[in-house]
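In what comes next, chain A is part of two complexes: it sits with chain B in the first one and with chain C in the second one.
Then we have the complex of A and B:
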């Protein structure tokens, strides 16, 4: 039997969603009718699954489906009553289609009113006839068809007052600061879950998923093994300034700043080539457009045969394969993001351009910037260099090789031909650094000497040095941040746009 | 053949009782010497044969070049050129010439000039494919020859030659972006590269003649209709009846440009007599092997 209960009026007349108790489709458990204070007759269906029903995807609706009776599930993007008709726009991720409820032999006046009162963002099931339209519907992704609704059910209702209007979330922003403002506001009211629904966010995170997938695929093809490294560690690996401390039973531990130590131990254990994808925690109190306290690190480490350039070639080839994969398979997503955030398409060379640090100094010098030859590059200088390289070679991605030894960590292998320089490299996208890597010192004695030179407490890194005492192959590697790479590939300006639940010094939730 | 198995026994020495017969040794030494003289003589004759057909080639160097056929004479380009004078003070970093070329129109003249540059200077050559192009045939990737053994140390080179296959409407060269605007067109880039090897003739009329032939090569021979090409070939024939090279007694950029364009237009076999002779002379100089190799 059907429980057609409820208080007051509204029940029994239940034609508002096109159904009477007698006409319920098989498989439905019951209907609950409630009359709300704001005069919307709410129909909440608790239904068993309909194993035979096929739900059509909005993106697949084309004139080829004309005159077919189909079912689909989507969100109500907008609904607008006009006399005896109600126009709806139904949305699924980044695709939407116009739909129409009109008074006729399949729909009553109450049904039209019901449809018009469905709150925005509610999830609905509709049974409709697909009709070809003469004039293209410019405002929808499916421009050649519209749906004539015969039945409509509300599966999950949204509250009538949304914290943020979806249209506002997809409007192109002004300058960078405004973008930051919107993000701050969203985090305050805790409704960042609205953003991923927008077409732009959908596109960004789908592309990000693509980056991860291409990274794994390319490296696996090259013979790399994926490893998992611990994030709760006993000693701060890189110096100790920027680590989070956690209480660990009776003592304390740290959250890993990078998988560096463990990657290298795997190389010493003869895994030859490894990579890992996992969270990285940096307790840096920087509130910039490109820093997060927690981000996803994609790290690589490999043993090489004769020259550390083999490592550079491997890493750059992986990046190029990622860029090509995105260029060839994610154009829809890239174009969607570009509509809200216009930018220049990402350009690169194959094989990747490699410049030496001395060349960079010469280029900067020519452009009027004076730098000592053992100085590190400041962020503005990196950006300027990126522009100079772009102008000359027309690439947004390049490698800068042979950094001065003085500005690199203690485990970096010095250049055998010139003691001022090192076998280390940085990689840049659109003038911003995305990877810092090097050949590592694989000799325990040399490592000890370098650590002493950098005034590092040898006790704290004893385990690290020990791993090189029993025959470690020469090796090198580097790591990139997933969010930053996506941000720069798409030409966005804030890494929070590419992090679904960003973490920074001021943001801990959701 | 050794008569006994000894420790350090070689087939060249007859060993009797563990001793090498000095007479046999002397005989073998004389044989080696005669063979060497024969090889030298053969090379000299080959060189002379080339000289007879190729005017202006330096006799001594042509001879030595036939001994090692990989290094054709580079003193064909007379004049002293010093990179610091030509390109400005060396700032301690690689001076990199960047050329953006469309893979649909590979620049043969620049490949030829590149190989000559490599003989004169230490050149780091690299080929890249730009993201605006999906893929290029393999010979376009190897057109600058094999990777130099020292290419991991960029600052050891005097000059960089970076060829980028890119979807550009017109060939383009970039060198010093702060001081120079990009140079467009294969003809103009060829002029720039040539001047790194040898100055143009000092006589303005002769210099203009060279330039005029370069323009004729690129605009009428390479891009013109069949009728225009025929006209140019007749003009070439007439000019070459008076002189061994297009701009008089000296080999110049005019010859490089016209040769490459004749080769590329595919009409090399059906040219008039003087032009045939001139084509042979060009090939004897050996600079054009990269072009011929590429077109295969």
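Then we have the complex of A and C:
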């Protein structure tokens, strides 16, 4: 819907707008126009069609603009009429400013009424005088100025009833499960799409965009090449568990559970160092705070010269560059999120702490945990280990190296010095796994032997094994879950908070 | 397989290698070791385990290195034994250098024999003396030096028979269909994976990586935020044609044909300007040179102030920055591709040429084409128009603006001045479409009316329409096909050449 209030008339000017709105001037400074038509909707400009006019950003409004007449496009965040005045809070993303329409020289009674009736979340253009205020406006991001509105135009009118009040969505909720409850509720009413409007969500997803950018920039500087890998594949590389099936013309296909095979093929094709960023699909019926059926994988694979620790060093350095970049360039976003979800600042060491699996087991044993040398870590034990490591080394990020061979996939390179262990590693943030990686077996015969040992059907992985028959450099890599990195960096408790449109066994919309 | 030749013995040193190879020193400078075992394969280092040793890059070998003893890891590109000598060409990606093993002080007869028996495409470590040559070696990228090998170790042994000779893969083939033939043939023998090894493919995919990087850098500078959109969706937004179905636990889902709905939701959630890079799926049974069932979409969406040409200007400027970046930073890659597939340099104007649909029709009419005002352009007419535009304006890139409303999707904003046309546009490179975009209808009622006009089931697009009920800024955008941009920039004739692992109705592997 569109409605216009403010000084009337005037032919549309500039670009394509040739419309003459059927204006109804009322007094010097106001006209109302409720007509809703094709021409009004698709021509933003209306009588506002002034391509040379500059729209000011809310975040740029400071006392330096005092007494200037400015144009602004923003959402009506709140509106409160009081006698001959109407107070509005106008919002742009996480920034907002107080605005005022008052009966007097600059506005008529009708205009105040018009402003008071604009629905929350509508988008308006206002022409207003910037005024410095005596007392700070604590409720707004722009605390030192307010706007005295002279003209107001509704660019897009929101429906009167919102499915959820934004104020409710940004109310601090407790740990874990409560946050989860809100998500469930939103999912039920089908209006998750409103969430990214909150200042918290805005901040989360800007930071997420930063993680991707820092990841790619760091790797590009290190000589990595970005590759694009297919998501529709003909065979499930690890034997077919937890894989989504796609109808593909007259046959069936699968959704890739990881780009690993393709990354490795690029290494075999002499790309030397590659990375990719893209969706990864897991048909796992896990309804936990950290599992999604579709997430964004930040994947790395590289040939190395002499030792797979060259790979670990590249990955940990990349993570450190990401942590530093976030710390240095995303403080506003971090603090915005902390207001709703308080957490300790994320700590990391340089160089990154690398523990061997046996050392970790010793720490856990000392803390009273009973587990065998070749057992995998349970999620609670991972968390406990995270706390022990934090106490001892004061870091939220570390590498756990040399996992037992028995708990890793068949393509993992065994440790040459101790066949019970492997050249593989996980990386942890705040005690939760964010990356799993390893040196890969690059010899076709050895890979075949390992697959047989794991009782994997060789027919199904023939293409994979054949990739290594024509000369393969020693290589390794790993895959990072973007949503987990963002969740754990910010100290959040549900991966759905860092996925804009989360997918889990029960959620497919929006 | 692993085999080692060269000066023998010595304990493995450094990092994890604690192996003592059972060396069989034969003469001063050679030992052969054909043992193939677990320890040999997964410890690259063997007796080479010298983490402080620097491996030189082929591309850095110049006469400045003359008389230096260097270490190098590379593939055996070709090998030719001749009496007491063996000539090897050693390759790293698109760079190669001639190397020589000759019986004498530095190598024994056995070592020459050993070198001569190394299979093509095997990866070797060599220690060699760099020698300046009198006469340029025309067949190598490093023409001024050759390597006199003192030690040679096989790091990874290729099988003796390659499924395709690399020399065949880089042989210049003619236009269009021939290139296609090679792809078909490769597809049949199941060895497409060897293609990226060719210097041409290396160059193509490095350039592709550059396109993505330039796209993101330019948009990030313009204030765009990167978003991640889901690929598994609950409903096909445009009514269900050409969409892949996924089994999703106990229900069905679809693969996203475009991120458009999600981009638009982000605009409604005040992200202002967003982009995303990710796979796009089309279940279209089109077997042409320019259709893939899965391709990489470079997508843009932005709110604008007064006119949708602000969107066109942002997109065309982004394309121009990409073209300039490729021209300035990827000349080696462009020339490498041109050697196999000659083409004219890509031409573009600043600012980008923008033609209106009616102007284009007039040009086509003048050239003898008969078509109605509201007809869509056929592919041959697009190509013809591209040639006419090139003749008249000397540009390979232009925008065609104001398409007939009738040929565009229901969410396209009509032209306020002429309801036969729309605020929509395509962009073309060398006469082929690379982007389709438009101002979107941002008013829920108008969108409903347009959907009804297109006889679309409103139930199926309810979520989409509802996104616009809570205030939506005027906005527009478009989606670019990455593979097409690379194909057309380089003047190639099949989109399969710019997709590392192409997917079409008949191809799902590798």
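Following the convention adopted for this analysis, the second predicted complex is superposed on the first by the 460 of 510 C-alpha atoms of A that agree within 3 Å, B and C clash if a C-alpha of one lies under 4 Å from a C-alpha of the other, contacts with A are read in each partner's own complex, and residues count from 1 in each chain.
Here, a contact is a pair of C-beta atoms (placed from the backbone, for glycine too) under 8 Å apart; a residue touches a chain by one contact, two chains touch by 3 or more.
It should be emphasised that the depicted structure is a prediction, and the values quoted were computed from it without experimental measurement.
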>> I'd like to know which partner A:380 touches here: chain B for first, chain C for second, both or neither.
In response: neither
> Between chain B (first) and chain C (second), which, if any, makes contact with A:367: first, second, both or neither?
Replying inline: first
>> One more residue to check, A:347. First (chain B), second (chain C), both or neither?
In response: first
> Taking the superposition as given, does A:307 touch the first partner, chain B, the second, chain C, both, or neither?
Replying inline: both
>> After the superposition on A, what does A:63 contact: first (chain B), second (chain C), both or neither?
In response: neither
> Should A:271 be classified as contacting the first partner (chain B), the second (chain C), both, or neither?
Replying inline: second
>> I'd like to know which partner A:159 touches here: chain B for first, chain C for second, both or neither.
In response: second
>> With both complexes superposed on chain A, which partner does A:223 reach: first (chain B), second (chain C), both or neither?
In response: neither
> Any idea whether chain B or chain C touches more of chain A?
Replying inline: C
> Is A:391 touching the first partner chain B, the second partner chain C, both, or neither of them?
Replying inline: first
> Which residues form the common part of the chain A surface touched by chain B and by chain C?
Replying inline: 307, 309, 417
>> For a test of understanding, state which residues of chain A touch chain B in their complex under the given definition.
In response: 307, 309, 323-324, 327, 346-351, 353-356, 358-359, 361-363, 365-367, 388, 391-395, 417
>> Which residues of chain B touch chain A once you look at their complex with the stated criterion?
In response: 91-94, 96, 98, 100, 126, 128-132, 152-155, 162, 164, 166, 174, 176-179
> Can you name the residues of chain C that touch chain A in the complex?
Replying inline: 1-2, 14-19, 36, 38-39, 41-45, 48-51, 53, 55, 73, 75, 91-93, 121-123, 155-159, 162, 190, 193-197, 201-202, 205-206, 208-209, 212-213, 216, 220, 225-235, 244-249, 251, 253, 255, 261-262, 265-266, 268-272, 277-279, 281, 283, 285, 293-294, 296, 304-307, 309, 413-417, 419, 423, 439, 441-443, 445-446, 463, 467-474, 482, 499-501, 503, 505, 508-510
